[in-house]
Structures are given as C-alpha cells and as structure tokens.
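Two complexes are shown next, each including chain A; its partner changes from chain B in the first to chain C in the second.
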Partner chain A sequence: MLRESGILPFLLVAPALLFLAAILGWPLVSALLLSLQNITIIGSEGRWVGLSNYQAILGNPGFWKAAGLSAVWVVANAVVQTALALAAALVLNQRFPGVRVARTWIVLSWIVPTVVVVMIWRWLFSTSGGMVNPLLMSLGIIDRPIGFFGRPWTAMGTLIFINSWRWFPFLALMMLAGLTRIPDELFEAARIDGAGAFQRFRRITWPLLTPTLLVLAVVGTLLSFNVFDIIWLLTAGGPSGGTRTLPVMIYETAFKGYRLSEAATISVMATLLLMTFAVLATRWLAREADER
Partner chain B sequence: MKSLLRGLLAGAALLAPLAHADAVELTLWHMEQPPHRVQRIQELIDAFNETHPDITVKQEPQNWGEIYAKAPAAVAAGAGPDLLFAIPDFTPIMKGIGALESVEDFVNELDAKHDFIDSAVQSYSYDGGVWAVPLYNMAMSMWYRKSVFEEAGVKVPETWSEWKEAAEKLSSDNVYGVGLPANKQLYTDQTVYSFMVNGGASEIFAEDGTLRFNNPETVAAYEAYAELQKMSPPDSPSWTWGEAEACFASRSCGTILQFTVISTYDTQAEGDPDDLGVAPIPYKEGQTQHNTISYANAVMILSKDDAKREAAKTFISWLLEPENYGKFLNMEPGLFLPITADGAEAESFWNDPLAQKYKSQIETMIENSKNGMLFGFTSGRTFPSIAPISAQNIIAETLQRIVVDGQDPAQAVAAGEDRMREVAK
Partner chain C sequence: MNRTPAWNIVLGVVVGFFTLLIGLPFWWVVTGSIKAPQEIIARTPTFFPHSFTLQHFDKLLSSSDYPVYLANSLIIASASTVITLLLAVPAAYAFFRMRFFGRETLYRAILLAYAFPSIVVLIPLFGMFVRLGLVDTLLGLVVVNAAFALPFSIWMLRSFFASVPKEIEEAAIMDGAGVFVILRRIMIPLIAPGLASVAIFAFVMAWTEYVFASVLIISDVKRPIPVGFAGIIGQYQIDWGLLLSGSVLAILPVVVLFGLVGRWFVRGLTEGAVK
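Here is the complex of A and B:
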C-alpha cells in the first residue's frame, strides 16, 4: 500500500532528514535570529535590530580584509595541497619495494592531532632552539634567523605550508584512488606509440584524473575555508591581523569582542557564501559529468 | 553470629551514603591547568573534604583562553560552577550577566584576620560592592643572569636609556639583548603596561571614566618599548609567556620581563640561584619609583544558594589560613605571591624547597609587587569598560601598529584610543 502510494521512500529518509534538521537546521535558524538582535555576551538580553548588524558588517573594512584573507587562504591551500598531493599520488601509484608501507605512512601527518601539529611546528620555527632557522642558515639560504610568524605575509605563508603539510596526504589518497582506476592498457598503448612520460601524463593521467580533482577542489575549498584551529593556535589571526580569516574574525568578535550578534551575522553571511559556492559547484560538476 | 555481622555490615553500607547525604557539594573552576598545579589543588581539596565532612569540594580545571566565553554560557545554561577563579577584568563580565553578589562583608572579615594588600581588594571593588575574594598575586620583574651582565660589563639598568645601552652591549650573533613580545596577546598587554607604569602613563582612564590613553607619556612609553623591541628575536611578534621563558632559559635573550622564570630556570637551565638576577623594571628618566604590573587573582562565588555560599566561604577561609595558604601558593613556586600579611610570613610558604633555594629572588618579587598596578584598576578606581579593551588586547594591538605595520607611535596611540572607544561602547 505504502509502496504503491509512493510515500515509502519519503518515510524511509524522513528520520535522517529530521536528524539533519535538528543538528544543522536549528543552529542555522538560531544564528539567523541572533544576527537580527544586539546580544553581546552569551546569556545576556538583547533587542531586535533588524538588518542593522548586516549593514554594520558590510561597512566594516575589517570584514572585507578578513574575506580577502580567506580567499587567499583557500586558493593558496588549494594550489599547494593539490601540487603536493598530486606528486605524492603519482609516486605512490608506481610499483617499488615498500610502496605499501609508504601508502600507510603518508597519512601520518593527517592523523596527528592538531595541537600536536601546532606544538611541533611552533618549536621547529622558533628562533630559540628551533631547527628550521639553523638549517636554512647552514645551507646559506638566509644569513640571519627569520621570524616565521613575525610578519603578516611570512605568517600567512607559514600557516599555508603547515596546513598543506597536514592535509595533503588525505588528498593524495583520494587522487591515488582516482589514479588506480585508470586502465593500465592506456599507458601500455601510449608507450608502444612512443609517448614519453610527460606526454602520457598530459594526455592520459591528467584528463582522466580531472573529475577527481574537481570534486576534491570543491570539498577542499569548503574544508579549507572553515579551518580555524591551526590558525588560532599558531597566530590567533596575527600579526597585525595578517592571518585573520573569516572564521578567526567570527570567533574574535563573539568571544573576545563580546558582540555575539555581530559574530552571528558574519557566520550567516559566510554560510550563505559557502552554500552558494557548493550549489553552483555541484551543478557545474554534474553538468561536466553529463558532458563526459 | 555470622549472619548478624553480615546484616550489620550491610546496614552500615546502606547507611554510609546517608551520613554524607546532607553534604554541600561545591564545584570549583580554576584555570591552573598544568598537571602539578591540578595535583596540588587536589591535595588541598582532599585535606579540606576530610576535615569538613559536611562539604564536598571538587575541581574542574578550565582554560584561560576560553573561560571568558564558557563561564557566561555555563551560567546562562544553569550549569555554572559554584566557585570560579578570576582576574580583575573578568569580574565585570560575570557581574554584567547578574552572576555575582557582593562579598564585601566576607572580604572585610578576612581582611581583619589576614590583612590583604589594599590594592588587591581595590581591583575587585566597584559599583558599591566587592565582587571577588583576592587569593594570590603575580607581579612582573626584569630577569637576567648576573654572570652574563658581568661578562658584558653591564650593570643592572635603572632607567630606560640604561636598559637600551645594556641591551646593545648584550646583543651578539647568538644573543638578543632583550626579549620583548609584540604579539596581540595578554602577555604583550602586560609588558607594554609595565613600560607605561614606569613612564607616568599608568592611567588609561580619566577620573570621569573617559579615556586618556592618548597622551605624551603613553606615546613615550611605546617609543621606548619599540626601540628595545628591535633587539628582540624576530619571532617575538608571535610570542606568549612560554617563548620568552624558553628564550631566557636557552640563553638566547639577555633580559626578559616575566612574572617568574624560576621553575623553567631551575629545570631547563642552569638552576644556579646565585646567578639568577631579578630586578625592578627600569623607569623613564625623570621618574623616581620602579613600578610594575601586578595581578591580584581572586575567586568569585557564583552560587545563589545560601548553603553553598556559606560552604564556599568556609572553603576560602580555610584556604587562606597560613598553614594551608603557603601550600596553595606553592602549586607553582616562585610565581604566585602572597596577598595577605600573615601569608607572606607563613612557614608553609617558605618551607618549599624551591622557595628556599630562590628565597632572595622571591623576596625581590614580593618587594616589586608592592608597587604593582593594573590597567583599568588604578588610583583606587575601577573602570569596568576595561573588560572589552583587555579582552581584545588593544594595548598590544597598538604596539603591533608600530612594530609590525611601521606606524609612528603618536599615530598608533591615537588609533589605539579610537579602538578602545569603539570596543568599550
């Protein structure tokens, strides 16, 4: 009866949808309601202020700077991680002694807890006993120690490096899965036709890996945008706001600036931005898949 | 007979929980997270619980980084602690959400018995009440190695220009003459304010509560700081307390400003008490007294329940008794200083091996702490709007404008005052 009426599929997915609505929908609605009030500290009273928080945030140069830094953060992480992951995946896709061990060990940096990652790199980059500065000096690359977190652009560059170091193994494994799906016969045929390694990469590997890369680009963008822990623990958005991305700004506004409603406003705007990106990217990926 | 005994034992077992059924339970939140501090607090709690069967105290260590957000949220959700440690700028926040009742009578009672340092009580006295009970003090000093100074032909600096001269002489290929932070973080707020109080710029607010941060004395303090900061390690714009201590312990920094280095110096450096120097922070030429930043840490009573409030007072009174107080302070020997007159003489404080070993340094720290001040809590007045200014580290942010962005100190201080006005709205 249920099957015939077509209700059954909806009934079956209803619990999952209700669960999602409870754990995702309610916080979103709360954030939206919060953004329309002027609540300062958690637990304090506020009044309705309409869209004035949105007006204030859009007129705040700090918001646009944070949005710009978020864009830099996302793009740079995507480029660095893709390059590292692709190189690692290509190596791990070869047959050589110890490849199984290498495939397992590469995920080490990804499974290490963030706090440990932060402690390790903070110490390595320190000018008081850290190893990176002496190494660079002994190689003649620098003549005096560098404060890696001491200037806005060096701090951003260092954070991107550390975050990429942490995340590239995950992408590498995804790419490796994509690479293993490419039939060996194609490479064999190309070899017989006299194609070199670069030509095989350009004509076979790259085109057939592109769908995987596009999916990873979408997922990676969403994941990178939301990274907060590494940035906060290493630089807290500094120096001089040089690494203050939107998630850092949201945290600072809410919990250091005691402007909870303003923080909710930035969160709502960031969510809308990410949702728009996700919808457009998903549609584009679907269209690409159809065309293939 | 056996069955009778069994019956009695079973009955006793059933009744045992009832014996403590009326015990008042207190939850203490503190931010002294290092394991040895947690252990020492637990030892004290165990001793208290044993001698006070009608009260059961339990501790839940928290983190300074998130307590400003977590505590108000917990109180709003009805899940807050009964006792919560605090520094002065934390109480306006908790008071602002209606979580506090004045403890003035209780503090007066304790003052009569133990004699609090006046400035410690003042930090928590405003709006017609006293909002927390002072527990321990922390004051910043200048740390150096006597042998390093002797080798470089440097005497302990009294003034800013002498300090600069000393730092220049101490600087070499492997040593930074001074280690001063420039991070937008509380440690930098503290070190910059240490310059301000030694340059006649201790008052951030005028008597009427308006801001007076932008004045020539503040600008001069920032100028002097920025000049010295040039001789600090290049990663000092990202420093917190730990990096400064590491720099000193590894002999990479000639001098640093810190509440204490005793523990790290003893365990990670030479540990030679005769070579460890501690001195008051140098002042600007023309000033006559060494000042410093000092924090009177305190405990707030959050519970609204009368029985719990009374139990909390019993616990705090017990903690401040000289035979227990020294043990409490020595959860981190050489960092936490007594805030009561009888505590400063308590055997339980001076009997600690580390306190004995570094006695002269600790005595100097206590002496320095007598001229301690804290931004927003000066001249017997308290300005609650310091809370958001402190939480957003505007003092440190102003320094970054100079050190990182290259702004002129006068412009940076003017911008700093604008930021203070904006966040204090």
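Here is the complex of A and C:
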C-alpha cells in the first residue's frame, strides 16, 4: 500500500505541519518564554526572572485548589459521559424503526454553539420559568425550587451534567464504531450455545469494546480538561471559587488580573500535567494492546 | 435478530429516555421563542405554547446586529472549512498512502497537537496577532479555527484513504499520472464521504467556537454569533424571549447543514474512529 516517493510526501505534509507549528507550536514556545519573565500586560516590557514564577505558583493554594477541581471535573465528566455514551451506543447498535435518524441526530447537542447550550440550560435551571425545578418537584425529588448555581457543589454538579450532555453523543458515535466492528457471528455462536443477553454483553461486547473505551477515556480526559467556555459563561468560576478549574484560573489571571507571566506559568504547568498524562496513558494503552 | 418482548420494552424505554434527554431542551427553546413574554416565565411551564408571537424575532432582528453576526459566522466557518480541507487532504494522502522518513513521528506530533490545552495558546497567540495585525479580523479567527480542526481532520481521513484499493493508484502511476492528478481524479472522488465529514467537523468547530472569538474580535460588526449572542445576554436585562429567539436563529443554519449532509458525518466518524 505504501510507496517510496522521495521528497514528495514532505511537500504534501509541509503546509499542514508549518501551519500547526505557527499557530499552535510557536505560541506554546512563547508561553514558555513568558513564564520566565515578569510581564503583566500584553506589549509591556519585562525582566527575566528565572523560575521564580514557578516557585510562586507552587506555593499558591489557589493553584492547588484549581488543580483539584480540574481533577474532580475530569473524573466526573469521564464517568457520566462514559455511562451515557455506552448506553446510547448499545442502543444505536440495535435495529429499530428510526435508528438511522437517531444515529444522525443524536449529536444535535454537539453541533450547537456553546453559548446557546449555556443559554438553554441557564434558562431550564432558572427559578423563573425553568423546567427543571417543576419537573423535579412533580417527581417528588425536591420539595422547593433549588438555586442550582448558588452553592459550589451544586454548581459543579450542574456544570458536569451540562458538559456531559453536550459531549456524550460524540463519544457515543465513537463507541458505536467500536461496536460495529464486533462480528455478528460471535453473538450468533453465543446465542446457539445458550448465552443470555447479559452474558453476551459481559463475555463478548465488554471485553471487545474495552480497547475502544480506553482510547476514548484518554481522548475524553484531554477534551474535558480543556473545557472553559461552559464554565466561564455559566458561573465564571464561582460561587466562591467552587468551579474555578485550571483553564478558568489561567483566563482570569491573564485577562482579568493582567498578570500575563503568571498565567503563562500556570499554562505551562497544566500542559506538562496533560502531556505527562497523555504519554503515560498511550504507553499503557500500547502495553495493554500487546498483551491482548 | 429477533428479540423477546421484554427486550423490546427495555429498548423502547432507553430510546425514549435519550430522545427526551436530547430533544426536550430543544423543544422548550423552540416553543419558548414563540411564546408571549409572560408565558415564558410562568411559574408552571407550559409544554405546548398557549400563545403565539413573533415579537422576539422581530425585536432581535431590528434592535441588534444579529444578521451581521450570522453573516460573519458563515464567512468564518466556511473559510476555515476550506482551509482545513486544503491542508488536511494532501497531508493525509502522504501520511496514509506513502512511506517516508519520520512519518510515524510527524503523525504523532500532529495528534499531540490535538491534546494540548487551547487556553494555553490564547495568551501568546493574542500577542502574536497584535504584531501581525490579525486582531479584530475575521481572517485571524479563520486561521485559528482551521488550526484547531486540522489534527482531528487528518485523523478522520485515515480510514477513507486506507479503503482505496492500491491497484487503482498503481494503474494511474503506470499511465504516468502525477500526484495532483491522482489526488484530483482518483482519490478525491473516492473519499468524498470522508471529505464531507471533515468539512462538517471543521464547520461545526468554527461555528461553535467562543473563547478565541471573544478575545480576538473587538468591534461589534465583526463578531460571530457566539460572541454577539453572549453580548446580548449581557446587554439587556435578562430578556428570555430575545435569548430564545436568538438561540433558534443560531441553531437553524447548522441544523439545515446537518440535515443535508449529517449522515455522511456520522459515517465518517464511525468508520474513521479509534484505531
């Protein structure tokens, strides 16, 4: 399938690579340089201060709190989204009237601008005219309206729900891809041997889907760590810093606090954390794949 | 496959759950946008609208720059789609149909670009764009959106290129066809569904992007929908009717696009995913 073609492949790859290097690579290098200076506002001159920004950040309890919230955010999103996406993918892999339509339109929540997602849910969760409070009250789950964004933990939980609502359909389609690769013959054979539906899931679907799930867990972790706009637009990191994850902290420090170098330092630390995770996870995945 | 009645009930319940989970919020937004103001904020919400009015749409179109935001969004999303395709297709062709030194490493580097935090890039990129004069231009946003869509787009094209039989390409090479002729005459027609899914992905990414647009665009007349919409939220006392009608107009173009080509996107995603 592959052929040697001298310099040609480089010419084909070069535009994309140079483009990415200029728009993503160079800013990353600049962030690194910025973190070693003490620049406050864009365009102002700074001095080189070595690693003192890093020292300051590591001693800042706000950074550790944000890192902890980011961890909570990533893990909770992974759990909620995987559960929803797996259920949706299993259903979309069945045959029922309208399945084609369902496969296309399940991603409706993902193709809509984030601001609109935010607006929709802010309205639905609001205490004036929102649908969620009356719904929960009529189901007997709560007895009076809740201000969902009023307290740190309910705000965090609500944000996790909204973000999962937006992203789970995308993951569901990727899982569906993994499911459609499992040969039907396996299920037929298991059925003939008298395996029930649950056993077929446990013995065939689950083990064969695990590699897909692991890859998605890594991709999903990276994706949800980076989520900023939903949090910023709904709670701006509040109440009392309860939803202030690392991306929110970076944005706030740079564009509200005008401490660019400090923001760059947090960025570099966040990138290091993520890259370490990505590299370890891919190594681990490769080893898992070898053992299978 | 035949199923027992019990399974059919479970299936029906789960399908119903997801239909409501995805559909219900949109139902409430669309119906809300045509309800009279006092019905929108009624203590007991109505499922079917009892009133009908177009006053929210009227107010939106006459008192804000919404049509301008729509036009900006369409320009930005279309242009970054085109750039993404122009960069992704040749690169994917080389990555997935040719052998060359450093291929694996370069491919990994591109995938890694997909992983790192976009917010990290925002600060230095702003400084860079100030110097290049790209702040407050649509071009600046086009470039940023294309860059963020590119890694995943290349990845998505993988299975489509892999599915083209090598004999076709070899025959063309025998006949002396150059690489661009092969790309244009053979590859592109054969991987058309893949191109469609990349195009939709890039379009949706640009259409929904908010953070970079909110920082890189300064003047009102250059705002795309997400920023213009957020501006409406801040500008007025919370006027739900205005926001709901704004949501409907922001959703409409992508829904129409997705209705036309959505099934190709789903095919591309499910065939290209995870490997």
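A few remarks follow.
By our rule, the second predicted complex is superposed on the first by the 272 of 292 C-alpha atoms of A that agree within 3 Å, B and C clash if a C-alpha of one lies under 4 Å from a C-alpha of the other, contacts with A are read in each partner's own complex, and residues count from 1 in each chain.
The rule is short, and it goes like this: a contact is a pair of C-beta atoms (placed from the backbone, for glycine too) under 8 Å apart; a residue touches a chain by one contact, two chains touch by 3 or more.
Only a predicted model underlies this, so the values are computations on that prediction, with no experimental measurement involved.
Once the two complexes are overlaid on the shared chain, A:Ile41 sits against chain B while remaining clear of chain C.
By the touch criterion stated above, A:Gly220 is placed in contact with neither chain B nor chain C.
Touch criterion met: A:Ile23 reaches chain C, while chain B stays clear of it.
Of the two partner chains, chain B is the only one touched by A:Pro152; chain C is not.
Once chain A of one complex is fitted onto chain A of the other, the partner contacts of A:Val115 are limited to chain C, with no touch recorded for chain B.
Contacts of A:Glu252 after superposition on the shared chain: chain B is touched, whereas chain C is not. Contacts of A:Ser128 after superposition: both chain B and chain C are touched. More residues of chain A lie in contact with C than with the other chain of the pair chain B and chain C. Contacts of A:Thr271 after superposition: chain C is touched, whereas chain B is not reached. Overlap of the chain B and chain C interfaces on chain A comprises residues 42-43, 128-129, 254-255. Those residues of chain B that touch chain A in the shared complex are 66, 68-69, 72-73, 75-77, 93, 96-97, 182-185, 233-238, 243, 246-247, 250, 252-253, 387-388, 391-393, 400-401, 404-405, 423.
For chain A in complex with chain B, the touching residues are 41-44, 125-129, 144-152, 155, 234-240, 242, 252, 254-258.
Across the interface of their complex, chain A is touched by residues 1, 7, 11, 14-15, 18-19, 21-26, 28-29, 32, 40-45, 86-88, 90-91, 93-95, 97-100, 103, 106, 109-110, 112-128, 130, 143-144, 146-147, 150-151, 154, 162, 166, 179, 204, 207-208, 210-211, 215, 225-227, 229-230, 233, 240, 243-244, 246-247, 250-251, 254-255, 258, 262-263, 265-266, 269-274 of chain C. Across the interface of their complex, chain C is touched by residues 1-5, 8-10, 12-13, 15-17, 19-20, 23-28, 30-31, 34, 42-43, 87-88, 91, 94-96, 100, 102-116, 119-121, 123-124, 128-131, 134, 165, 169, 173-174, 176-178, 180, 197, 211-212, 215-216, 222, 225-226, 228-229, 232-233, 247, 250-251, 254-255, 260, 263-264, 267-268, 270-271, 274-275, 278 of chain A.
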